[in-house]
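Chain IDs A, B, C, D, E and F follow the sequence of writing; residue 1 opens each chain.
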Amino acid sequence: MSSYTDQQLAEMVRDECVHRSLYTDPEIFELEMERIWGRAWIYVGHESQIPEPGDYFTTEVARQPVILIRHRDGSFKVLFNRCAHKGSKVLENPSGNARFIRCGYHGWIYHTDGTCRTVTGGKAAYGNSDSGCPQPDLDLKPLPRAASYRGFVFASLAGDGPELEPWLGATAASFDNMADRSPEGELEVTGGVLRYRHDSNWKFFVENLNDMMHAMIAHQSSAQTAQRMGQQLFGDGQAPAAIQILSPFASDANFFEKMGIHAFDHGHSYSGGKISIHSAYSEIPEYTEAMEAAYGPERTREIFSLNRHNTVVYPSFTLKGAIQTIRVVKPVAVDETIIESWTFRLKGAPDELLRRSILYCNLINSSANLVGPDDHENYHRIQHGLKTQGDDWISMHRYLDADEPNDEGGRSATGSSDMVFRNQFKAWKAYMTGANGAGTGR
Amino acid sequence: MSKPAPQTHEAPKLRVLEQFLFREARLLDEQRWDEWAALFTEDGTYWVPATHGQPDPLHHVSLMYEDALLRAIRIKRYSHPNAPSLQPPPRSVHVISNVMLDSHDPETGACTVNSRLVMVEYRRDSQAIYAGACTHELVRDGDSFKIRHKKVELVNCEGALENIQLYL
Amino acid sequence: MSSYTDQQLAEMVRDECVHRSLYTDPEIFELEMERIWGRAWIYVGHESQIPEPGDYFTTEVARQPVILIRHRDGSFKVLFNRCAHKGSKVLENPSGNARFIRCGYHGWIYHTDGTCRTVTGGKAAYGNSDSGCPQPDLDLKPLPRAASYRGFVFASLAGDGPELEPWLGATAASFDNMADRSPEGELEVTGGVLRYRHDSNWKFFVENLNDMMHAMIAHQSSAQTAQRMGQQLFGDGQAPAAIQILSPFASDANFFEKMGIHAFDHGHSYSGGKISIHSAYSEIPEYTEAMEAAYGPERTREIFSLNRHNTVVYPSFTLKGAIQTIRVVKPVAVDETIIESWTFRLKGAPDELLRRSILYCNLINSSANLVGPDDHENYHRIQHGLKTQGDDWISMHRYLDADEPNDEGGRSATGSSDMVFRNQFKAWKAYMTGANGAGTGR
Amino acid sequence: MSSYTDQQLAEMVRDECVHRSLYTDPEIFELEMERIWGRAWIYVGHESQIPEPGDYFTTEVARQPVILIRHRDGSFKVLFNRCAHKGSKVLENPSGNARFIRCGYHGWIYHTDGTCRTVTGGKAAYGNSDSGCPQPDLDLKPLPRAASYRGFVFASLAGDGPELEPWLGATAASFDNMADRSPEGELEVTGGVLRYRHDSNWKFFVENLNDMMHAMIAHQSSAQTAQRMGQQLFGDGQAPAAIQILSPFASDANFFEKMGIHAFDHGHSYSGGKISIHSAYSEIPEYTEAMEAAYGPERTREIFSLNRHNTVVYPSFTLKGAIQTIRVVKPVAVDETIIESWTFRLKGAPDELLRRSILYCNLINSSANLVGPDDHENYHRIQHGLKTQGDDWISMHRYLDADEPNDEGGRSATGSSDMVFRNQFKAWKAYMTGANGAGTGR
Amino acid sequence: MSKPAPQTHEAPKLRVLEQFLFREARLLDEQRWDEWAALFTEDGTYWVPATHGQPDPLHHVSLMYEDALLRAIRIKRYSHPNAPSLQPPPRSVHVISNVMLDSHDPETGACTVNSRLVMVEYRRDSQAIYAGACTHELVRDGDSFKIRHKKVELVNCEGALENIQLYL
Amino acid sequence: MSKPAPQTHEAPKLRVLEQFLFREARLLDEQRWDEWAALFTEDGTYWVPATHGQPDPLHHVSLMYEDALLRAIRIKRYSHPNAPSLQPPPRSVHVISNVMLDSHDPETGACTVNSRLVMVEYRRDSQAIYAGACTHELVRDGDSFKIRHKKVELVNCEGALENIQLYL
C-alpha cells in the first residue's frame, strides 16, 4: 500500500540527478523490493555448488528465503523455502544434501523438485476434491522463473519478462570470459563465502563498483602504501601478489578515465575492457600453456585481452572475470546491505590462480579487509549526509550527454562519467513505474 | 632474530606465557603497532579463518591471513592521513583468558598455546564484541618468544560482520 | 488509524486458510492489541501472589503496564501503572508490598485501591471546581473490568462484554480440575517465574499448544532420546520423573489423535481429556491418600480421571492442570513474544508434586530447556518462511468439516485436526471486525 | 506526509493538559523535527570552540549533520555536512582543524566557507551553462540562518522568522549573566563534553529542568544523603564543594516555591532569579576580588545577585549561569534523546571556578552521575506509563491561571506551578500548527 | 571413580584449579560433551538458577538443574539428526576469569572454587552474551578433581532470555 | 591504617595482585560496598575518564572521579529506600584479566598494576557491556594492599552512554 504514485516516483529521478529519498525512505525500499527485486532476474547461486542430486543451497531473493537444489533428473530447481503445510522454512542450513526435504515442524516430506512425497498422518485427512472439500496445495512452490547462464543461476519473482540471456545482453560476455579463462571452459565455486555487512543502502555499493573516480582517493591509504612498499622492497622486480593486487587501486585518474565505462539496458554496466586494475598481474606460465593447449595461442590471447574490471548485472550481481570472483548484493533494509563474495576455480588451471583469487577476496572483500572499509565508510557518510536538507538532489551531471553509442548496443563514456549512474536510475525508474517495457528495467 | 636455541628447554611456565600474551594484547590496545609486529618471526603468519574448522588459509577465504608484508602494509595504513574509515579512529580492548599450554618441544623450545579472547572494538558510538579461541605457535627468542603463527577462531566467523578494523 | 477496513480483515481469514500478513504485518499486530487484547479477558495474575494487604504484582495487559494489588479491605484491584500526575509508572518492581503507593517522580501518594491520598504540595494548588477551574483526576485508574475465577485474575480493557465465567465456558472446568487436585481445593503460586523470549508472532505459540501433530516430529531429539535412555537404564521398572516427563512427547500419532481436541466460543480450546501426555505419571501414594481423605475415593478418581493436556484461554493464557503450571502470553511485537511460566503448589499435597511441577517447567519452559527450543525454532522458521510469495495462505484444511459437536457446547475432533486453528481464527475475525457479538470473539 | 491535520494537532494541546501521543507517537516526533526543530533557532556550539581559521566542530541540527567552522576572514559558518558531489559527510571527526575541507570519497575540496575549491578531475567535466548543460551546485550549503549571541551560536533550518536576539528575549540576560561572571566578560568552552543517552522523549528533559516539584522527591537518595553526611562530617563548618553541590537538591518545597518560575514567548523559561540551588555556594575571595577589580563592587554584586537556576531556550538549549554549564538537547527518536553537557571557563577567573563546574558536571550530568539517574528513570517510567489507556491526557492544571505578568514581558508563578509546561506547549502548538506567528512558537 | 583420598591434603594451587576450569570450558567450546560429562561425579549436579540468590533448585524454577541423567539426555540430543534448533549448530566461547579458592577441606581435599564467566553463544547470525559467577564444588580425583556441583549465577538470569542451547 | 613499611620490599607476585583485584571485583559484584570502600586509602581516588588519554580529572569532565567522601555518598545512596533508579536494583559481573605489574617501588612497596576489565551491568531486562583498561596504584598494607588510585579507561568512554549505576 504505497503512498507514492508512479508519477511521484518518476519525478524523483531526473536525467542529471536523483532525489535523496531513494536512499533514505524505508517505503521506497519496500517498493524497490517489490518492483525491482520482484521483477528483475536475481542471482541465486552457481550450479557447481550443487553437483549431486539432493545437493542444496539456501539463500534469499528480495529477502525471501529460497532453495537452489539439484533434482534427481539432474535439473536444478529454485524453490521457495516455505513448507506447504504451515509455512515453515524446510531447509535451514546454508547448504547440504537432502535425499528428501523434510520439514522440521510436522514432518511433511518433499521430493527434490518440491513435489510432496508424504503428508504426516496421510493425505486422507484432507478429504478429496470429489467431496467438494477445498484442497490445500501440497507441494513446495518454485519461483516463477529460473534460468542458468554458464552455470550462474538467476531467478525471477515475476512470471513474465525477457529471457535471461537477452536480458544479460552485453554482460553475458563477462560471464563467458570468466568461464573461458578455464582451459576446460568450466568454473567451480570454491573456498567459501565472505559475508560483509554494510550499514547503508544497497545502491551505494552497486554504484560504487563502476565509480572510476573514487579509488585513487578513497583507497589511498591502502593502495598508495602498498605501492610505495612495493617500490621500496622490490623495486622494478616482480612484487608479490598482494602488492600487485593492492597497488592498482591507486592508479592515476588517467588510467581510470582510459578504463572507460559501458552501460546497457536494464541498468547493466561494466568498466574496463582492454585494461583494468587486474590487467598487470604477472603472468603464470603453466597457466598460459594450459590455455594455449586448450584454445590455441590466438584465442588464448583474445581471452586474456578482455580485461573487464567490474561487471554489474543490475540490481543483484557483480562479477570480476579477471580474478574469478563475484559479489552478490543482499538488501536487508533501506540502510542495511549484506555483500557476499564468492570465489571460483578455473577448472584445469594451476592452483596458483585460485590462491590469487582467494588472496584477492581476503584483501578486498572480507569484513577485515584492507580496502573495503573506506568504501564502507563512504557509503555510511552518504547515508547520513543525505539526511540533511542541504540539497534534495544527488548530482549525476558529470559528462552529461558526453557518452557515445558502443558496438555492443549500449553506450560508452570516459571512466569518470556519471553515465553508469544515470543508466542505473533509468532502469530504476522503468522498474518502479512500469514505464517503457512494463517494469523490465529497459 | 631469534638467538641459537640451547640444547634442551624446560616447558615454559604458564605465567610466562600469560604475560607474553597479555603484553601482545596490550600492544594492540595501545596501538603500538610496530612493537606488536616485532613479536612475530619473519615468516610469522596471522590468521582469522572465515569458517569453523577451516583447514587451509590458501584455498579458502579468510577474514584475515597476513604475512609480514601485509602486516606492514596494514600498520602503515593505520597512520595514513587519508583513510576515511580511520577517522575517528577505532579503539580496542583485548581480554585474554584460559591460557593453556598445548604442546612443547624440548629440543627447540617451541610451544603451542591456547587461549580465549574477547575483543571489543569501538568506533563512533558503536561497539562490536568479538569472542573466539586463539592458538599461538611460539618459538624461543632468548628468554622470551616470538610468534610463528597466530590463529583466532571467532565464534561468529561465519556471520555477516561489519568492518573489523583492528587486529584481534 | 488503520489502513485496513473490516472487510479486508474479514477476507484475510477463510474457513480453511488464513493470510500470512496476520503473522508478519506490524499494522495488523497493532490492531490485534487494540481489538483482541483490548477487548478479551486477559490474564493478569493469581490471587495467591498477593495474600496480604499492600501486596502487589506488576505486569502488562496488551503491553500496557498494570498493577495487581491487594487492598486493605481484602479485595484485589487491577490498576493502570500510570501516575495521575504526569503519567510515571508508580510501581516498578516485579512485586512487593506497599502500604501506600508512592510515585517516585513528585511523590504523590495513593491508597492501595488507587485513590489519591496525598498530592505533593497540596490539592489547593488545583483550585476548586467552584472556581470553575478545571480539575485533574487525582486517582490511579482501574482497568475497566477485572474478575477472578478460582483465584485466577483476568482483566479487560473493554468496559462491556461477557462476564468472565460464562466467557471461560468449558475451560472453567480446567481451572476447577487444577484447583480440585489440591486436597484443600486451593492453589498457590510458588517457585518463581520463567520468562522465555521468542522471536516470533504470539499466535504461533497459542496455536502450537493444541497442535497434536508436531510433538512426535519436532521433539524427537529430546523425547525419543529420553524414551530410549529410560528403556535402557530402567527397563520396565519405574523411570525417574525426568524420563516420565520427556518421553510422552514422542508418543505415536495414534496417541495424539486419541487425545483429541475440543474447541469453544471466543477461541478457547483444550486437548486431551481422558488421556494426555501427563496421564502416565507414576502415582504418589501419600498424595492419593490425602485426596481421598479430602474428597473420598470416587470424587478423587473423578478428579484424577480428567486429564486435559493444554487448555488455551484465547488469547493470553494456557493451563496444564495435571502438572499445575500455566503459561502466559505477552506479545511484544509482530515478531516478538515473551512466554511466562508459573508453577502452582497444591495446598495440602505432598512436596513431591511441587518438585515435579518445578522439574517439568525447568525441562519444558525455561530458556535453557530441552524441548522448547525446537518449538521456538519452528516458530522462527515459519516467521521467515511466511516472508515468501510462495503462498499467501496458510492451510487449515485438515479434517475440515470433520469435527462433531461435544456435550460441553463446543466441537471436538481427532487430535491432528486443524479445528482448533479454525476456531481461533473464527474468534480472531470476530474480534477484529466486530462481527457477530460485537468483538467478543464469538 | 503527515496523517495529522493542524486541527488534530491543535486539539492535542489544551490549556490544562496535553495528549499522551505527543510523547509516544513516532509520527508526531517526525513532525516535531520538521516544524519545531526545523523552524526554531537550534543551538550549534560556542565560538570559543573554533578560535582559529579552519577550526571546526561537527554536530547535528534536528538530526541533520552540520559543521560549525571558522572561516579565514574570522567569521564562523554553519554548513550542512553534506558533500555537493554525491552527498557524503565531508567531516567526520567531532572537531579539528581543516585548512580546506576535503571529501573522503572522491576528493572534492572546499574552502572553509563551503565554496568549492577543487572538483576532482576538473569542472570541465560539467560542461558549461552556455552549452545549456544543467550545472550542479558545487558548494557546501550553509544553513538558512545562523547567528551568535555572546559567542553562543544558534542556527535555523528556516529562512525566515525572528532574529536570534529578540527571539531569545528575556533569556538573553541569562547568557549575559554567565558571561559577565568572567572578569573579562568572556567565556571559553573547556573540559570536554559529557554525552548522556536517555531512553525517553526529548520533552521530558526539557520540562524537567524547570520542574520545581521533583527535586526533593526524586533526588532524595543523593541529596539527602549528601546533606546528612555534610552535617555529620562538617557540622556548620564549610562543607566541601561536592556537599554544597548535592545538598540543595533536597531543599524543602518552600525553597523551590520561592525560587519561582518565569515563562516567555517561544516556549522559553527560567527558574530562580534571586535564589537558586547554586546561590549558597561558598564565596571564592580571589574571584570576588578579580570581579570587583573589573566591574567595581556594585556591578559585581549585581552580577552575583542574579541567580537563575535553569534557563531553557526552547527546544534545544539549557543554561546554568551560576555554575557555567549548558546542556544541549539532541533528539534521536520519539523515545531516545542524547543530552550533551558542556562546561565553560570564565576568562580571568581563578581556576577553582572551573574545577567546581567540572565537579558539578561529573556529579549531575555524566552517565555515571549521582543525581541524573533518578531523573532518567522517571522519564523512562513516564515513557512507559503513557502507554496505558489509563488516561489519554497529562495534567498541567497546577496553579492554572494563577500566574502573573512579570516585568520582562513574560509571566511568573510560584515554583511548583505547571505554567512552564503550559507555556512550552503553547509554543509547541504554535510551531506545529503554524498558528499565531506562522510557526515561530509565539 | 575417585580413588581413596589420602589422609590430608594441601590446598590446591590456584594454577591447578584454573587449568581444571579452563579445560572444562574448552571441552564445552570444542563440544566434546562426553569428556565434559565425565568431569562430574556420578552424583554431580549442574545448576543455573533463574533468580538472584535462589536458595533451592527443587522448589523454585531454574534455567537448568541437571543430574547425570539429564546431562546424558541433553548430550545425546546434541547428536540427534532431527533437532531443528540444532541446525545449524550453536557455537560457544567460554571465558573463565577471577578464579578464587573459597574453601578447602584438608581431610577430603574437597574445595569450593569461585570464578567469573563470560559465555558467548552464536547461531545463525546472532550472538548472545551471558555473564555470571560460577561456583564449582570439587572433590579429589587422584591428582585431579571431579565436579560435585557447578552453579552458574547469570547476571541476567531474571531477564526474558531467548534459547540458551549450550551449557554455560 | 597501613602499618609502617619494612625497609625493602620484593616485587609482589602476580598471583597476589590478581587475587587482590579479583577480591575487589567480587566485593563489587556481591555489592559489599563498605568492604570495597575499605580497600582504598583515605586519600584514595577512583577515576573513570570521559575521553581517551585524558590527562586530568580536575579540568576535564569525567564519567566518575570520586574521593572517599563521594564514594561514601554513593554507597549510602545504594541503600536509600527512595532511589527510583535503584528499583529494581542493578546487578554486575566484573571480569578481570591481563593482570600485569607495571612498576614497583622497593622502598615503599607501592606498585602500579595494569589489567583489562569487562563489566556487565544488568537491570530490568537490559544488559550493558563495558570494556576497558584498569590501572591500580597500590600501596602496601601489611601483607596486603590498599588502593591509592584506580583508573578505568573505557573503550567507549566517548560514547553517548545510558546510566552506569555501579562501579566499574
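Here, contacts are C-beta pairs under 8 Å (C-beta built on N, C-alpha and C of every residue); 3 or more make two chains touch, one makes a residue touch a chain.
This is a predicted model, so every value here is computed, not measured.
Shared contact partners of subunit B and subunit D, listed by label: A, F. Contact with both subunit D and subunit F is made by B, C.
Of the two interfaces, C-F and E-F, the higher number of touching C-beta pairs belongs to E-F. Summarising the inter-chain layout, the chain whose CA centre lies farthest from the centre of subunit A is F. Summarising the inter-chain layout, the chain whose CA centre lies farthest from the centre of subunit B is C. Averaged C-alpha coordinates give centres for subunit C and subunit D that are 47 Å from one another. Averaged C-alpha coordinates put the centre of subunit A at 33 Å from the centre of subunit B.
Subunit D and subunit E have Cα centroids lying 52 Å from one another.
With touch defined as above, residues shared between interfaces to two or more other chains in subunit F number as follows: 82, 84, 95, 97, 118, 129, 159-160.
Residue positions 92, 104-105, 217-218, 374, 377-378, 381 of subunit A are each in touch with at least two other chains. Contact between chains, per the stated criterion, is found for A-B, A-C, A-D, A-E, B-D, B-E, B-F, C-D, C-E, C-F, D-F, E-F.
If you check the complex, the residues on subunit F that touch subunit B are 14, 52, 95, 97-100, 114, 116, 118, 129, 131-133, 155-156, 159-160. Contact residues of subunit E toward subunit A in the complex are 82, 84, 87-88, 124. Those residues of subunit A that touch subunit B in the shared complex are 190-199, 217-218, 220-222, 224-226, 229, 233, 240, 242-243, 246, 338, 341, 343, 351, 354-355, 358-359, 361-363, 365-368, 370, 372-374, 376-378, 381.
Interface residues of subunit F facing subunit D in the complex, by the touch rule stated above, are 48, 50-51, 54, 58-65, 69-70, 72-74, 76-77, 80, 82-86, 158-165.
Taken together, the subunit D residues at the contact with subunit A in this complex read 1, 38, 63-66, 79-90, 92, 104-107, 120-121, 125-127, 133-137, 140-141, 157.
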